[in-house]
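The same chain A turns up in both complexes below, where it pairs with chain B and then with chain C.
Right after this comes the complex of A and B.
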């Protein structure tokens, strides 16, 4: 079994730091070394035993990565867009040709918050200790993006049992609006681990829409912790289509920190092979009159495993909260598994909170109906699964983007099933 | 069911000879204590060995700490694990010495004076002779071959059954409190229903003759042999005064082919006063195994008492086509805390389970539903339906839902839904308009909210449980 401990001189290799920062990194590194990769005894990792997964699939985890030459990127041609290119977690170049330049600030991320060194999530500790790349996108007040922003995440072919730690931050100023699409392109043929920490801040009346999508399958092991803070009257809609990583855990925290803020999370995935995917959410309703909506759909084939852990927390002052959580899964194979833990923790009485979770096979009557109309069993299944997942895609408002996402997902699905 | 503990003069029938009256077990948890308990119970050697094995296990196991309600550390060395029946001198002399709140509740439930005295532990001579009632039933049961006796008696007289089934559902190494119980359990019920027998009456601790001192570590074992049926009632609606703060009971059910066990509980132990001082810690392990084909186990519980209730009556569905059911109402008021739910573990083919849980919290209380539905790889065509609803009254209380749902095969279906809300103002207004006062209206609405579960209770319990639901929430609205 791989015993993955990191020597503290690795921190010096990353760069020169102030005393304060060095102390912060060391402390977090010690936390990580104490626990190592989390296993299923950790409540948050109950259904995803990362220790086992990592030791089964990795011989080593290399921190150092030679700077690779700039690969050519296949830009999306379906719609006009601004873009940022991130290669192996590192901000490489960007183009905001449709926007007013003085309203946007983009720079490599420099962490100046050394407060978080709690022992909650070993991977977060690992990120705090070793992160050396990332970006910070700052959208100034009263600015609406004219075109969508595509963030290309490229993973190069020279990745080989590497671990990447990056930190990203997006801040949307007062009354501003941004729509972005995170698009992952993978060229690596080997295992690698990508550990991301993300901070998203929405100021008063800001609006953000994001879509997370992958172009192709990879041997990547992904973990992303995302902390989203929503001020009053802000609105965040997030679509997640995480398909194709070997292991993927999205740990999303939404803090509704102002009245009438709204967050909306929808996810649809088709899991195949022995993919392991977990979506974990925590929505903290801290102020009155906030709304949250979560819909997570999974289709599981082959030996894949899907996990949904969702939590809605309602503080005692957060009256008139409207929170909803729904998880639906279709298991197509005898060897697939779906686990869910939809949790409610409620301390206010005048609230509307509900959740639902279902898992099962496709409706036999529906398949029978389609087969009587001349479709084969496989075609019927495909049709039904498509319908099941497209419900999420259909709620994307922009036509060109919706069609683009639809095509990508259908391609994946057709190739795999 | 009000007078559960009516049989005062029964001790001798149980091997409680008068000489132990003044004997006290050594204080604290030790091998001596366990040997002492075993000796007093006149247990055979294998039983003592079993207890000691559990005790050894206890030394290395740790108290769980994942639960929602936290409690002050219990000093296990400071407890008495066996107390002889109370002598008359220790008990309150008359009802005047009893908490008037308790008396008020008795009156509301309509409990006769003599029973009130008994329930609140007032020293009285046996007034009504329930012995005759109990023995009549006992004759009828014996005729059918049903064994219904205290577990200590069963250990002596039916060792083959006890040996075979005791600890087979809750192993001694299960978790801290289950292990503790295995080491020091003092008494409880034993039920065996022979094949193809339908138990002619609802069995209850009421008929069990030693019910007077149930003890804090109760152990119940119910076995339904092939094709049999039994309905078992535990507890009573009247609030019980109890000296022991920690209760760690174990209940094991075994259903063989085509057998059915229905287990109903109404728990209304002392919840502590309005400020949350005192009250019972009810840490119970209840588990049933549907061993045979087409077997069925159904748990129904109404939990209104105790400062902390922490229990998960569970079903292990091993046999093909077996069925598990769980119906629960948990009401918490003032500073009460409840963390309750169930586990449905599907192992056999075509197994079905259903969970209906209703949680109501008021005052400063905290109410958690925590449940597991686990459908295994081989449990083809299995099905689960879960519904847990919570009702909140006021913004100082909490309602939480923590379901764990695992599905490992594609032919099975799991459905789970949960809602949290408060009592609708329109409903209250409507009731008020028809002349009901605030409390009556709340009681009516809450009873409607709980209807699905109340319906599952046996007749005798149902009527009282309805009253109890109303009483438990008094003062929580308006």
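Right after this comes the complex of A and C.
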């Protein structure tokens, strides 16, 4: 059993800090050391016992990591784009060749918020204590990006039972618009742990579209906590394709903090082998006339496990809320498992909230029909699975990006089936 | 072409086919009529290779037993079933599906895959022949198709896959008079001295358009009477009770 306790001098190794920051880090470190990795007794982790998962799969967790040489990136050629390159969580270089430079600020992340030290998620405490990398992208007011931004996340070959803690922040100014693709490229061959804290802020009437996609498989254990704040009239559309890592938990919080703000989240996953993946959402409707939409689709093969925990919270003042949530899962194997826990907590009376959850096997009659037309059982299954997941991909508006995503998903994952 | 001897089929411990015999030679068209629940669709399903049935008796196709042959292999060998109730399949594009299916069948028969252009030409020709809107093929397979459109889509697949043994399970039910004529013409233009048809129907009317060589009455899991087209006309008058 791995006993992962961290000495407080690890904080000093990161750098010199103000008294206030040092105290913040120390306090969070103590919280983490008290509890360690969360286990299933923690309600938020009841379907993903991380303590057990980590102790089963890691001998150690190394905090130190030599800076790797600048690896070559295989840039996407399918569409023109700006880019940022992040290597093992660290901001390395960027190119905004299609944009007005003075409208964009990009810098390594510096945390100035020392308010969060609650004991709700030990991984957050760990991140607050030890985070030493990340970026801050600031899009100024009244600026619409001309081309998409690709954020390349590269994980290098020399990773070996390392744990990476990073913090990223993206702020979209008033009336501004950004579309980005967060694209993970993996070169690592061994286990590692990637613990990310993300802060996304949409100011008034800002628009953001994002896609989260993995290029290849990894032995990575990923956890991301993402806090998304939406001001009035802002709009956030997010497509997530989390599959690719051994373990991935996306803990996404959307705060609708201004009237008429809207968030739209769609997810599609094909889980294979003994992959464990969780999407957890919490949408907080805090103001009137806001809209939220969530659709989460999972296909589970072999011994994989998928989890969806989705909570919609509607504050008493948030009248005319329109909230929708749907989870659909298909189990291809008897050894796979899917858990879903939808939750509604509503304090306003004039709201439209609906949620639904289905999970089951592929429709036998559909397979039979396709087979009578000469397709094998496997081909029929593949066609149906593709059809099921492509419904999400098909909502991506840009042709070139949609086709890119489709190809990636079909090649890397579904074709392995 | 097809030789069925003493076929028994049961599902969920319910015996449905009880010693059925039929023999179909190349070029022949056989019609099967029979009351609801007599086992017509069950026979069609069993011929297609559908799983879940307990089967005994002989089932020979082109001189070989079908016993160990899977659903997809039967299709590749030229057995085609037009369904009584075609399945709606969300997320699967009709045209892509048709092409995948055609290429599977072609490949199994040692032909090379059809290229995109020839496929489009083929589709255009066949949809026009059947009075179908080509745009329907950009939709999800059978999803939201009207009853008649679904049936036409089955005949379209038959025309494209060009099978040897064609089983039509109540393809005429739910078709309007014009559509019935078009579908019948579609069947007639496919007839030649190599293909065989097994046409399941409730209505003598269809047999005015498609001339059967033989008519069989299936009742309670057995063929109780066989004859020519006159039998269908007689049935129309007397109903099934007048048989035996």
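FYI, the second predicted complex is superposed on the first by the 415 of 417 C-alpha atoms of A that agree within 3 Å, B and C clash if a C-alpha of one lies under 4 Å from a C-alpha of the other, contacts with A are read in each partner's own complex, and residues count from 1 in each chain.
The rule we apply is simple: contacts are C-beta pairs under 8 Å (C-beta built on N, C-alpha and C of every residue); 3 or more make two chains touch, one makes a residue touch a chain.
Predicted, not measured: the structure shown is a model, and the values here were computed from it.
When the two structures are aligned on the shared chain, A:368 is found in touch with chain C, with no touch to chain B. Judged by the touch definition given at the top, the superposed model places A:377 against chain C, while chain B stays out of reach.
For chain A, the partner that touches more of its residues is B, with chain B and chain C as the two candidates. By the touch criterion defined above, A:124 lies against neither chain B nor chain C after alignment on the C-alpha atoms of chain A. In the superposition on chain A, A:154 makes contact with neither chain B nor chain C. In the overlay built on the shared chain, the residue A:391 is in contact with chain C alone; chain B does not reach it. Overlap of the chain B and chain C contact sets on chain A: empty, with no shared residue. Per the touch definition, chain B reaches chain A in the complex via residues 66, 377, 390, 392-422. Chain C meets chain A in the complex at residues 48-51, 70-72, 74-76, 80-81, 83, 86-87, 89-93, 97, 100-101, 104-105, 108, 140, 157, 161. Contact residues on chain A toward chain C in their complex (touch as defined above): 363, 365-366, 368-377, 379, 383-384, 386-388, 390-391. Note for the complex: chain A touches chain B at residues 43, 46-47, 316-317, 319, 329, 331-334, 336-361.
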